[in-house]
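Order of writing sets the chain letters: A, B, C and D. Residues in each chain are counted from 1.
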Amino acid sequence: MATIVSFVLLGIGILALVLRRDLVIKLLALGLINASSILFLVSIGNRPGGRAPIQFPGETAVLVDPLPQALVLSAIVVNFAILALALVFVMILVERYHTTDAQRIEQEMSRETDEEETPCL
Amino acid sequence: MPLILLPLLRFLIAILSITVSRARRPLAVAAHVADAALLAWLAVSLAHGTPVGLTLGSGSAGVGISMTGDRIGMTFAALAWGLSLAVNVYIWRDRLRPYFFLLVHLLVGACYAVSFTQDLFNAYLLFELLTLVSFLLVGYGRQPRQIWASLRYLILSSFGMTLFLFGVGTVYAHCGTLDVGALRPLVAASAGEPWVLLSAALLTAGVSVKAGVFLFSLWLPAAHARAMPAVSALLSGVVIKMGVLELFRLADVFPLRLPLIVLGSITGILGIAYAVTAHDLKKMLAFHTLSQIGYVLIGFGADTPTARLGALAYAVAHGLFKALLFLSLGDAAAHVGGADDRTLTEHKAGIPRATRIALVVGVLGIVGLPPLAGFDAKAILEDGLPSLGPHIVVWLLSVGTVLSFGKFVPFLFARSSVRSECPRASAYGWLGGLIVAFWPVSVLMTSVPLCLAALGATHLIESFASLLVGAGLYLLVRRHTMRLPQAIFRLEESPLIILLGFFLVFALLLIGGGAG
Amino acid sequence: MAGHVLLALLPIVAVVALTQSRRLSAIIGMGLFSFLLAAVYLVMRAPDVAITEATIGAALVTAIYILAIRRTGRLTVVADEVPGLLAREADRIVGLEYDILRGFAISQGLDLSVSFVPLRRVRWLVAHGEADIGAGGIVPLTGAIDPLDATPGHLETGVYAFDARDGRPTSELAPDYDGYFSELQSKARNGLLSSSVTSLDLARVLSLSRGAPLEGLDRLDGRHGYAFLVSKDRADLKRDLVRYVESLQRSGELDAWIARHVR
Amino acid sequence: MSTQKRWIVCSVGIVAFFVVLLSITYMASMPDSADSERYLSIPIEVSGAANRVAGIYLNTRLFDTLIEILVFSVAVLGVRYYLSHSPQISLPSLSESAVVRTAAGILGPLALLLSVYFATFGHISPGGGFAAGVIAASAVLYVAIAQGMQATEARLSPQRIAAAEKGILLFLFLWILLPLAFGDAPLTELLPPGTPGKLLSAGSILPYNLLIGIKVFFGAWLIIAAFAQHRGDL
């Protein structure tokens, strides 16, 4: 169930990434895509009747698999880092073009081709 | 031990270069000396035949993160070292923020780690680190175009890495391990099952986004063309190769023969088509990178030991001459004020002599003039190709390479009094020397008989034939301009094209699984 | 059971959030989505993941999004960088015009945001309503600011004119230089000023690294002053700004600032 | 208009096919979860952490965590570097409402307490250093709402915090390389595991949690402060 939901969320995210033109919404969609992969990983470790993976000496209860959960912690942080930086770059673009519409930014950019581009080094 | 020390020491140097930013030059020297020593240690133990492996943390094998030093990983790590040296020399006198050096060292450290890690999730994290660092390096100049190119790169590559993570999850759900070595028998035992197809397609599609495969890496031309020369050299030379390396590792586990050959052919042909029609030469180099990845994939997909070694050698050779070309072209463009062929030809007297020599060496290397790097590696690769189809594609690609690098000829030969800066010239010397003296280097990477066979008459004839045909074609078409559709490179379309690529890989896996 | 309901809610919330046309609604919707996701993780017996998702995914991410998009009640100023008037120093902005504008923004209860753009974009942005105020060495000569309106001026200056072709002064006025101020500065340093600029005003030249040759140039007659550009449709904004500058002049504060930044 | 409609239909089709393909292939061979016993078969006494996730996260797969921390640090530095050129905003306060301020003043200390708990007991109960750091940063954000950004920044100056953050990162790396001095591979556990469930157990996990907590607190606060200072134009 959770696995299928994660696939559906991935689909919704991709659609929003493709169809919405606002860069902020695109980033939100990217967040959804990332979240879907995390839900998928957590759902893999889940098993019926398992308990949360906290175990004290002598206990023998069935546990859910802790590994996907540990992996996911790293993935969440990495996704956050990506999002924060992407947001900063969107802010820089908006400073210049005063719009968050991806297509308008691309148009403006091709209009400026004649403008001199100084190489950095 | 050197396996983990290589990345960790680089990371440490990276952190030190922002905490004690005055010492960035001594730190860079120390980093390269230490890395050279560690690589030599690794090479010696490899040559003695001792398996070099290591499991990190206090987990047992198959549970913790394990690293293995094999020929492939070693080669790519050495490539990363060589290019890192060249780039660090190149920017020796440039005034850049400590932050920039942090990023460069992190990039190299992550490349070392990717070269050796056997763990799929660890590879995922390292790729994310690579993505983030190269994203920041591309946007370092803060020009809107750089920012836009790197933002597109970040979004698409994050999307690709999500697909990769789905693949990692599927594999783990069925095998209970993330270790590539432990996976091999488990996957082989359940060949042809749906989950193998699914995870193979997801993992391949995800890595392809990072590896410069045409349908997947449509962010690449803009990002590599817009970045600063030093950054482009690292990205095209090493970072892309890390994706290729991961594809190699996956090909060891999953039946990726057919997908690799088909993707390689598509990448090669479309990449060269765009390279031929591009007039901004930095963009041309970036498109050409795609086509060269095509070679490497075809070679590895051919699945014979010789072709694999050839692909490996070609990956290294491409790293060398593409880095040299990006560095010298960037330098030339900075002196001249533009990177398109017309501007460069008009102001060709303004290009410093060393830069021009570097461009000549790079171009000769890339078009495959014997016995430079391009020729040698390509010959080994072709020796291993079993069937005629890939042979033809490879030959077409050689002709296309000559055709697209014809655009360099008009500005290569002129008298100029402008002198190059010393660091730049030294960087060219290092890379150019490796390209010219590639034959002995390739002996180290492959073996003596293979390298001797590469010097055979057929290869020489073939090489000169492609040079002649390419030059002739160039003279025919140079007055024409053609424009291929550019819409596929937009942010809107790219995710869908990645999905289409995923379907293609899936279908090929279905066919390949049925046949094999 | 609760788990299934939560799971089924996830796609619905995601679709609703991502189809919003207002960005703020979409962001809050995705924040809600993250909280739901954290609850799902809790039900799936992954407490560590739930805590991390709630703190990072729901709280931190939403916070930075909201900080990034907040636009209500802000005064957008576009300016060319001119040392002494409005310029970056380390990671701060300093200058006479910055002090005036900051004081004005605070008195109006607005956040102040300053973007640095080339001069011709200053005009364009203000004329198209993309920015509220244009600043950074604007001297409203007759005809030079045509579709826009300007304040009376807060700092007197002189305007020099010279002809690029033969380097001799001329009283004829050509359009102002419309690149970045920093480019102007480097041209002055390399002695290329007269080939690229046809008319200059005094303080711009004065703040050009002191070495620029000015001998033989003609000072234009009449009184000129630095002013702020506003759109013609923003009469209320202009009125408030003029009043604020007048109050500064009356209290003598403006003279103190001028003494600190310019002289 | 019709091209746009065709575009929408086309993308919906492709994505729907993708989702269906994924679901069908995945359902066609459901994994049996018994395979993943590997990690559970390691007794908890090896790492000494009752929270098995913490045991994997900070012991078995410490290298992953290290890279994750690097990624986070790069992000903090990147946000600061790229925003430092952006327009600055002088802001008197984040919120004018008295109710919000009072509520924030109460929530702040509570969140701080929670974060200390998460960091200290991360190896026994759910939590951990990362969540603790983020919660601490949001606690400071509450304080900033209550007392004003300027007052808060005066006490937690970004420059000093950035320096401290780098210092902690350096320390973490030296700590990880320390086993070299004893002839072990880096990332080897040096402290004894102890009895699982006790506060002083699980070897280095507790110090790691505390260090990561402080580091992430600084990092997350730097990010928030940078965004608050250079609010975008979106």
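Note that in this section a residue touches a chain if its C-beta (ideal position, glycine included) is under 8 Å from a C-beta of that chain, and two chains touch if they have at least 3 such contacts.
Quick caveat: nothing in here was measured; it's all calculated off a predicted structure.
Novice: Using the touch rule from the top, work out which pair, A-D or C-D, shares more C-beta pairs.
Specialist: Result of the comparison of A-D and C-D: A-D.
Novice: Can you identify the chain nearest the overall CA centroid, using each chain's own CA centroid?
Specialist: Of all chains shown, the one whose C-alpha centroid lies nearest the global centroid is A.
Novice: Distance from the CA centroid of chain A to that of chain D, rounded to the nearest Å?
Specialist: Chain A and chain D have C-alpha centres separated by 15 Å.
Novice: With chain centres taken as the means of their Cα atoms, state the distance from chain C to chain D in Å.
Specialist: Centre separation, chain C to chain D: 34 Å.
Novice: How many angstrom lie between the centres of chain B and chain D, each centre taken as the mean Cα position?
Specialist: That gives a centre separation of 32 Å.
Novice: Could you work out how far the Cα centre of chain B sits from that of chain C, in whole Å?
Specialist: 42
Novice: Would you please write down the residue numbers of chain B that are in contact with two or more other chains?
Specialist: Chain B, residues with two or more chain partners: 121, 125, 128, 132, 136, 139, 142, 166, 172-173, 496, 499.
Novice: Can you pull out the residues of chain A that are in contact with at least two other chains?
Specialist: 8, 10, 14, 18, 24, 44-45, 52-54, 67, 69-71, 73-74, 77-78, 80-82, 84-85, 87, 89-92, 95, 98, 100
Novice: Could you list the positions in chain C whose residues touch two or more of the other chains?
Specialist: Where chain C meets two or more other chains at a single residue, that happens at 23, 47-48, 52, 56, 60, 64, 68-69, 115.
Novice: Report the complete set of touching chain pairs.
Specialist: A-B, A-C, A-D, B-D, C-D
Novice: What residues of chain B sit close enough to touch chain A in their complex?
Specialist: 91, 94, 121, 124-125, 128, 131-132, 135-136, 139-145, 147-148, 150-151, 154-155, 158-159, 162, 165-166, 168-169, 172-173, 228-230, 330-331, 333-334, 337, 339, 490-493, 495-496, 499
Novice: Applying the document's contact rule, which stretches of chain C touch chain D when the two form their complex?
Specialist: For this pair, the touching residues of chain C are 23, 47-48, 50-52, 55-56, 59-60, 63-64, 67-71, 74, 76, 88, 91-93, 102, 105-106, 111-116.
Novice: Along chain B, where are the residues that touch chain D in the complex?
Specialist: Touching chain D from chain B are residues 1, 4-5, 8, 11-12, 15-16, 18-19, 54, 56-60, 62-65, 97, 99, 102-103, 106, 110, 113, 121-122, 125-126, 128-129, 132-133, 136, 139, 142, 166, 170, 172-177, 193-195, 197-198, 496, 499-500, 502-503, 506.
Novice: If we count contacts the way the header does, which residues on chain A are in touch with chain C in the complex?
Specialist: 1-2, 5, 8-9, 12-13, 16, 20, 22, 24-25, 28-29, 31-32, 35, 38-39, 42-43, 45-46, 50-54, 64, 69-70, 72-73, 76-77, 80, 83-84, 87, 90-91, 95, 98, 100
Novice: Within the complex, which stretch of chain D touches chain B?
Specialist: Listed in rising order, the residues are 10-11, 14-15, 17-18, 21-22, 25-26, 28-29, 31, 33, 35-39, 42, 46-47, 59-64, 66-68, 70-71, 74-75, 77-78, 81-82, 85, 166-167, 169-170, 173-174, 176-177, 185-189.
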